[in-house]
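These notes open a run of structures that come right after.
One chain, subunit A, appears in both complexes that follow, with subunit B as partner in the first and subunit C in the second.
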Partner chain A sequence: MDMINMLPVECISLIISFTSPRDACRSSVVSPVLRIAGDSDFVWERFLPQDYEQIISQSPSSSSLNSMSKKNLYFRLCSHPIIISNGNMSFALEKQSGKKCYMVCARGLTIAWGDTPAYWHWITLPHSRFAEVAELKLVWWLDIKACIETKDLSPGTTYAAYLVYQLSQHRYGFESPLVSRISYQQSDVVTVHSVILDPRPPRPRARDRGDGWIEVEIGEFFVEQGDDDDVVECSVKEVSNSKRGLIVEGIEVRPKGI
Partner chain B sequence: MKKISVRTSDGQEFELEENLAMESATIKTSLDAFSRDDIILLPNVNSWEMVKIIEFFTKVQELETKFGVKFMEKKEGRFLEAFQAEFDKDLSDDNLYCLLWTVDYLGIEVLLENLCHLMAERTKNKTVESCRNLFGVQHDYTPEEEAEIREDYSWAFEGPEIEE
Partner chain C sequence: MSRVFKLKSSDNETFEVEEAAALLSETIKSSSSTEITVPNVKAEILGKVVEWCNKHAESEDTKDQLIKEWDAEFVSVDQHVLFKLITAADYLQIKELVDQLTQRVGDMIKAKTLKTVEMTYPTFNVEREVQEELKSLGF
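What follows is the complex of A and B.
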């Protein structure tokens, strides 16, 4: 039965909109009619987060983003994080699922002694997505924390948090472990791990991101509904050795497994 | 509640609850044009389809009462899942297509969403060949065109596929 020509293209688009970005792209190969139906703004608007317009409006490039087709916008957000929240965060989408990813820049983190020039200074690096990164000169008390509101995240998702950083040539103190911690402000749930930032020798938790930075997983957490008024705190801490030579880009949260 | 009479293509008459009749943009348009005491003729709808549509609509109303919200307001996953659990296994692909066409023709949005969801579930993670069979589609691309699209979306072709 030649169903494809019986159903209106809007109906086929509606069917595809119930699948996933991955299935919608695969359907392009099935037939030209599915390709046209699957490329429609109707389909890709359903794959974008519900509040995508509000998020994009915070970006300096919002007018060019708004002029794109929804499909192009989706893939643009997957590959090119946009800067929002007055420069304090970046936003991107995870390609397979369309779930939200955020990075809180160094200025948006709580860094103990971060405003004391003897310990930390703020510099601009060309390969950072943000205006400034934090460079550690010397400190004993290392305590870096991000607070992220769960209502900003995609519901029904397991997220992982990552410290995004570099270690300069003159670093020391990072062969020993830091305590990484995930906790919710409104409940007693806390998870704690031990992480080592020095990536040599190669370690399972610290890996090269491929964009000039290294990341280490702080831990993971589950977001049930995005509308509960909770805040997740992601932190790394080490207060018993002196350390220097850490450059912090930010803390990123993205769906686990990516 | 007032009943609206309709006659399907095979001559069978049905009395629809007014709230179902009013969900159909097509029937509503006919009602606005003619008297409500007239029988509405539906030459594009078969009686077996009408039976299923009444069954589907009854289920949607039951779910709306159960979840305390109109489906079209929230479109929550649990509506779709409950509808699927009830009807999916007894619907062949061909019957599902016929019902999709009919519900689209009648303009019953709430049922169209649920039936499109059923069809979508049947396409997920299937191989391209399986999807061609499902949609009854010819292989319309040249090998070069197909290779180019596969290259563009190579990431979408990693991972498991279901052959059927």
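What follows is the complex of A and C.
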């Protein structure tokens, strides 16, 4: 029984818009009518974040992004993070859910002693998505923090924060644990863990991202509404021994474990 | 004194509908007559649509929990009935009903209790093409 062909294509598009990106792609293969409906801008605009136009407008490539079909735009944002916020952040989408992912670049982080050339210097690396990364020369007091406004994140989502970094050959002091901390500025909710950036022998928690950087999870947090006007602070800190040889790309937040 | 509208199904059954319920349909709203024939929609289906309109016209607050539960029951029907209801609601341009019905189908697809392939060519196996497409998109 050819049920779906008895519906107008607008109804088919509505149905598909209530499914998921993956289901929409499945549907597109099944029949010509489903392909038209499933590939439509109507459907993919529902999968994109509500404020996607405002976010894209901050990117230098906004005009080419705006000329794409919404489906192509969706996949583009999943695989190619765009630089926004005057170069301080990158934005991408998580493919299964369409939820927002951000990375705050090193210049956008609060790095204690970051402006003291004796301790940290700022370099340009070809495999970084940002203009500059922070390289640690030598420090005792390591304290790196990102502040992210919850209104920028997708509501009803458990996010995890990651320190994105590399370790240079002559690194020192990262075999011991750092204190990793997630807190909300407006409430008393705080979670604290410890992370090791340079485990010996190497352990799965510190892992390769496949883009020239490794990452370690700082912790996770839940965003309820996202318009609560709150700020999440994600930080790593260690102040009791000397350290060198850390290169910081940024701190990323993305939906946990989908 | 509110008007009474007469809706006629494709199998010649007539339903009388009070103005408040009838005007939930944009098609009826923009019609010059109070007698409307709904083509391709049988009495069984048209009756259910009228029932939905009556329920929604009498309820003051559509965000009420009770009406949400009633709506959820209303759309929990066999997929064949669901598709016929969508066709009728779409013809009558009852936006909220179309949204509820299409959401229900979407939920069934997401929950995998309904496969889109079953809705088109039940004997046509496209699973290999589907897997290739998903793989090429990185799912």
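In this text, the second predicted complex is superposed on the first by the 254 of 258 C-alpha atoms of A that agree within 3 Å, B and C clash if a C-alpha of one lies under 4 Å from a C-alpha of the other, contacts with A are read in each partner's own complex, and residues count from 1 in each chain.
By our rule, contacts are C-beta pairs under 8 Å (C-beta built on N, C-alpha and C of every residue); 3 or more make two chains touch, one makes a residue touch a chain.
A quick note: this is a predicted structure, and the numbers were derived from the prediction, not measured.
Asker: After aligning the two structures on subunit A, examine subunit B and subunit C and state clash or fit.
Answerer: Result for subunit B and subunit C: clash.
Asker: Report for A:Ser79: first if it touches subunit B alone, second if subunit C alone, otherwise both or neither.
Answerer: A:Ser79 sits against subunit C, while subunit B stays out of touch.
Asker: Touch check for A:Met6: first (subunit B), second (subunit C), both, or neither?
Answerer: In the superposed model, A:Met6 contacts both subunit B and subunit C.
Asker: According to the stated criteria, A:Val30 is in contact with first (subunit B), second (subunit C), both, or neither; which is it?
Answerer: Both partners.
Asker: With the two structures laid over each other on chain A, which partner does A:Phe18 touch: subunit B (first), subunit C (second), both, or neither?
Answerer: both
Asker: Going by the contact definition given at the top, which residues of subunit A touch subunit B in one complex and subunit C in the other?
Answerer: Residues common to the subunit A contacts of subunit C and of subunit B are 1-4, 6-8, 11, 14-23, 25-31, 33-34, 95, listed in rising order.
Asker: Residues of subunit B touching subunit A in their complex?
Answerer: Residues 80, 94, 97, 100-101, 104, 112-113, 116-117, 119-121, 123-125, 128, 131-132, 135-138, 140-141, 146, 149-150, 153, 155-157.
Asker: Could you please specify the touching residues of subunit C with respect to subunit A in the complex?
Answerer: It is residues 79-80, 83, 86-87, 90, 98-99, 102-103, 105-107, 109-110, 116-117, 119-122, 126, 129-130, 133-134, 137-139 of subunit C that touch subunit A.
Asker: Flag every residue of subunit A that touches subunit C in the complex, lowest number first.
Answerer: Going by the criterion above, the answer is residues 1-8, 10-11, 14-23, 25-31, 33-34, 75, 78-79, 95-96.
Asker: Please name which positions on subunit A make contact with subunit B in the complex.
Answerer: 1-4, 6-8, 11, 14-23, 25-35, 95
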